[in-house]
Amino acid sequence: MSRRGANGAIGLEPELAISLYRTMRLVRRFEETCVDLVKDNEIAAVVHESIGQEAVAAGVTAALGARDYLTSTHRGHGHILGRGADPTRVMAELMGRTTGTNRGRGGSMHVGAPDLGILGANGIVGAGTPIAVGATWAARTDGGDSVCAAFFGDGAINQGVVHEAMNLAVIWDVPVIFCCENNLYAVTTSLSDMTGVPIIERAGGVGMPVTSVDGMDPGAVHDAMVEATARGRRDGTPSFIEFRTYRYSGHHTAEAATGVDYRSDAEMESWRRRDPLVTWPERLAAGGILAAGGKEAIDAEVEALIAESVRFARNSPWPEPAEVLDLAYAGGAGDGFPATTWGGT
Amino acid sequence: MARLRYLEALRKALRDEMIRDDSVIVLGEDVEAGARGMTTGLRKEFGAERVKDTPISEAGFVGFATGAALVGKRPVVEFQINTMIFQSFDQVVNQAAKFHLMSGGEFRVPVTYVFAASGAAFGNAAQHSDHPYPYLLHAGVKTVMPATADDAYGLMLSAIRDDDPVALFSPALIQGRRAEVPDEPTAVPLGVGRVRRPGGDVTVVAAGPTIPIALRVADKMAAEGIELEVWDPRSLLPLDRDGIARSVTKTGRLAVIDDANRTCGFAAEVAAFAASELFGHLRAPVQRVTRADVPISFSLPLEAAALPTAETLEKAIRATLAGSAS
Amino acid sequence: MARLRYLEALRKALRDEMIRDDSVIVLGEDVEAGARGMTTGLRKEFGAERVKDTPISEAGFVGFATGAALVGKRPVVEFQINTMIFQSFDQVVNQAAKFHLMSGGEFRVPVTYVFAASGAAFGNAAQHSDHPYPYLLHAGVKTVMPATADDAYGLMLSAIRDDDPVALFSPALIQGRRAEVPDEPTAVPLGVGRVRRPGGDVTVVAAGPTIPIALRVADKMAAEGIELEVWDPRSLLPLDRDGIARSVTKTGRLAVIDDANRTCGFAAEVAAFAASELFGHLRAPVQRVTRADVPISFSLPLEAAALPTAETLEKAIRATLAGSAS
Amino acid sequence: MSRRGANGAIGLEPELAISLYRTMRLVRRFEETCVDLVKDNEIAAVVHESIGQEAVAAGVTAALGARDYLTSTHRGHGHILGRGADPTRVMAELMGRTTGTNRGRGGSMHVGAPDLGILGANGIVGAGTPIAVGATWAARTDGGDSVCAAFFGDGAINQGVVHEAMNLAVIWDVPVIFCCENNLYAVTTSLSDMTGVPIIERAGGVGMPVTSVDGMDPGAVHDAMVEATARGRRDGTPSFIEFRTYRYSGHHTAEAATGVDYRSDAEMESWRRRDPLVTWPERLAAGGILAAGGKEAIDAEVEALIAESVRFARNSPWPEPAEVLDLAYAGGAGDGFPATTWGGT
């Protein structure tokens, strides 16, 4: 992993600093495009946008190595794309096509990719955390030094299974980095109403190093991850990192239609002023890392990629209804499974 | 009488009961803001002690509701997503549902579990599309699934007033539908079914989201002179077996269309009941039209292919008329 | 061949697989000490990396097993008590069981869940006496319940080698019984039933702890010249429906005796299958002999009254011979 | 509640100090009798003895008031008897008779008593804790000052639901006293292998006052409870108390038959030397609180009570098989419940 170079305020290798911007830009534009596609019924149901939280995804994934793992959440496009999943295949997945990462079976909340160590996004709050611990433990039994970034939100801290998973990681020395994206809300409920103490105390009580960092600063995110992953690789210590961040959109694309109202304009405004898509390139420019026109070039490249993703997805085939049972079981659903005579196809 | 949407009817029933009975409280994720529609405005009207947002701790707040019920409250617990019952499964089936018996009848657990927007609904994918009532039926938990706004109203009243845990499923695909709902509280008792459309040729047992499907098929086949009796149990446990028996005694033929998984599902229960108790009246194989026992894929063609449909029901009915298994 | 107890056969199968395949690991509460018998001595033989005691965190360690399976292990998870599946219900039915499909076939979850000493056993009371396999069947989880030591051995091998989650129930009431078990690993495939006793008059489908009951009734009735065919599916999902069909085609009569709850239980599934697919062969109502759909009381007379028994089975068989519902 | 008097080493009102002994003696002899009855098949299945842990049950329950609540565990005879349940009815329950606290439906792991605020023992580790929080919250909505002692073991600290319950108590100001009986083992597993930090840190991380006390000293147990209950009554604060204790018996009466071996003789011996049934009366005698013959009189009284319990239970009727469905539902299992036609009776 690239460590701090000698670039003053930024303190990261220029290449890395720029790639963080590129990731954030990719995620932002990917999701903005998804929102349009949901409106147009080209993406079914809803998507949970991470718009505003891109710095976390970019910083965390940039700190992972090739043999590391990641578990994601309902709000996971950033994690997946940051980790290097092909946007065309992710877009195809979101549009339900056979060319998708999950052949259209998963959709937005279940994107996975074995070759990238992405052990699935998860539609169930907190449920990915014990899976992360088990996979990472298993991967290290043959002497490997894998670590894992297990994402979840502030709301997930109140799920019992997250607590159980953290304890398993502690007692069995499994270097999962519990990456808590604290965007202050779980749907409409405010974190401050749902816990009696700062979120890192909850994790600290289980017995792992904890830290809280500015989730609007991809460099700070990255640095915290580098420290946690190094410690984890070395001696198996899990870590908990709180990333203080904010989602600019609603809980999902259908929130507006429900008429709920739980955030003040002032609050939203204050976080918008810290938009990493604006502040980070400004810092890069000020530090001389991003030359004039550099941002625009990245933006154009991202734009082309997104356009290509949508084109690819639109041109991809839908699964056939007759395939409905094909993946019910790893060995197929043969004789003896009611599915085969349920009469549907 | 007012013409209300299903979801509005649930809300009205809940509100009417909260006015009538101080012990009724509401718990769940985002119930204060009313993210799921059923609880909109209740926090403001009834205050913080009676309408409580919970953390994302399903086992915790279901257990909490049990405790509150033991000492006199009548909690209504909203599950934001149908599969959230899984997180609290022990607290529902091993605690709340068994408490009365285990205590020798000393304690009662009058809790209502509402499953908001249950079932599949166009792209919710594998973890959010289940219709998990058969798990509760197997556990002996009283369970209702209204198909129309009037029944939603009346069954919600009964559920809240019942002294045992009762689960109410509010299927995503029908909770926007409207019906006339009485202004005065009128409870629909648990365990009493309803003929949705009378007919003499084939009994079609359907419930919740499969009622509109069954009615559509009935309309279509009526044009050919085939009269389906669409029979809605409304309450899945207790189950109005006498009502099913009356219908099957008349028609001699039974098809069950159900939106849960097939194996050990509700359709299996109805079919098994018929195979034992109504055997002498059956003139043809019982037909089960269900989900395909496969996790629901995100992609719409696969989602549709896994769900029970008008086409599969029609096929099954033609099979039973021909006297063959489908 | 060695004459082994059922539990010893499970242990032998597990040990043989651990020797054969390094990726097999064992997780559960008190598996190191072998509190439940199946894992005795394995920690010493295979070491700390392959035999791990877990905290009392069922959701956590089931999820852990899923994760380990995703990257190449074949975990065998022992549930110390049958109802512990409830704590981990989401991790089993909403995660492990759906993972393969949700991932578009990219991931496999070869985990075996062993339910040690499952079912009721003289005074374990409401929370420890369930036989929760119908929940898993409804969720589409492959499930086996061997009735004898040889099948316990052979099905355990198949369960471990299978690339999907498989649940194995080891009923308390029969896991002390002995049978000849081959010295060489001989797998019993999933989905293949077995005639435990041939007979031409009535097909009795039984499984696990109800096999000895069915055999006892068969012996008794044979004295009267009534020949029961006792048919053991062994694997409840996949289910050897062809085997059941062969038997019912011959006998024309079917009784199912099962140790789970009645509503939406395994007996309901078999009865529903027969009511659809075997209707033309049935000469009498299908009989369901099950638990009474009530939590199991601690007091022994009430426990016994709630379970399926030889008496109720005999009554049911006489009813089917008389052509009536019981 | 009686607070400290002026009795030197003991520091409790003499009456209370003596009653703590009586409770401990009752529990000890009750359970020793149960062990015999299990051996003789007069009690079915197993019982989980709390022999060695009596000081916790006695001290905790002595600090509760009439309108307070209690949830118990699989190892709960002490909690129930300490709270004042009639030993004859508890014994009848354990022997499966209709005169039992639960009419024979519950047995050892499910004893409950509404009039004493005993909201059930529980066979499921940790499962009683959220029930305790809900009941206590509800009882206080009409202005009452109830608190609740929610018992569980050291092993239960790793159950997610316990963590969830503790958090609910914190955020909703519900004065449940989380009474953790740390007897160092969960069946055969050692607490030190199952957690990375001292047990009270786990609870502290959720945000409530925690303390750890000597669970072999009923006076210390009582004092800690008095402090916690006073705080709870006053301002709704939940508390967590670790009681360091030890079970002298196996996990349950059938453990010996399984041949497991996980505790050293030296360890067992060291805890036996601290047996509160020996040390407490010695201290009372030394402090002049228990006069000569006082202990023997209590012991004799307890003996008579136990004998009477067994006699009462033996002479009580068994439930009739025909009653099997009676308590399936609060309103009875009428038409429409498969139970009614299952054909069994």
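A, B, C and D are the chain letters, set down in written order, and residue numbers restart from 1 in every chain.
Just so we're on the same page, a contact is a pair of C-beta atoms (placed from the backbone, for glycine too) under 8 Å apart; a residue touches a chain by one contact, two chains touch by 3 or more.
A quick note: this is a predicted structure, and the numbers were derived from the prediction, not measured.
Ranked by distance of CA centroids from subunit C, the top chain is A.
The pair A-B is the one among A-B, B-D or A-C whose contacts match those of C-D for more than half of the residue pairs.
Computed from the mean C-alpha positions, the centre of subunit B lies at a distance of 40 Å from the centre of subunit D. The geometric centre of subunit A is 45 Å away from that of subunit D, both derived from CA atoms. One finds 35 Å separating the Cα centroids of subunit A and subunit B. Touching of two or more other chains is recorded for residues 55, 57, 59-60, 83, 87, 90, 94, 101-102, 125-127, 140, 237, 263, 269, 277, 288, 293-295, 297, 326 of subunit B. Taken residue by residue, subunit A touches two or more other chains at 102, 104-106, 110, 122, 124, 158-161, 164, 167, 171, 193-195, 327-328, 337-339, whereas all remaining positions touch fewer. Of all residues in subunit B, only 49, 52, 54-55, 57, 59-73, 75, 90-91, 94-95, 99-110, 140, 142, 162-164, 190-191, 235, 237-242, 269, 273, 277 touch subunit D in the complex they form.
Of all the residues in subunit A, the ones that touch subunit B in their complex are 43-45, 93, 96-97, 102, 104-110, 122-126, 155-156, 158-161, 186-189, 193-195, 251, 258-262, 318-325, 327-328, 333, 337-339, 342-345.
Put simply, subunit C touches subunit D in their complex at residues 29-30, 32-35, 37, 40, 53, 55-57, 59-60, 80, 83, 87, 121-128, 262-263, 288-295, 297-302, 304-306, 308-309, 312, 315-316, 326. Those residues of subunit C lying in contact with subunit B across their complex are 83, 86-87, 89-90, 93-94, 97-98, 101-102, 125-127, 130, 134-135, 137-140, 237, 260-261, 263-269, 271-272, 274-277, 279-280, 282, 284-288, 293-295, 297, 325-326. Contact residues on subunit A toward subunit D in their complex (touch as defined above): 158-164, 167, 170-171, 193-197, 201-208.
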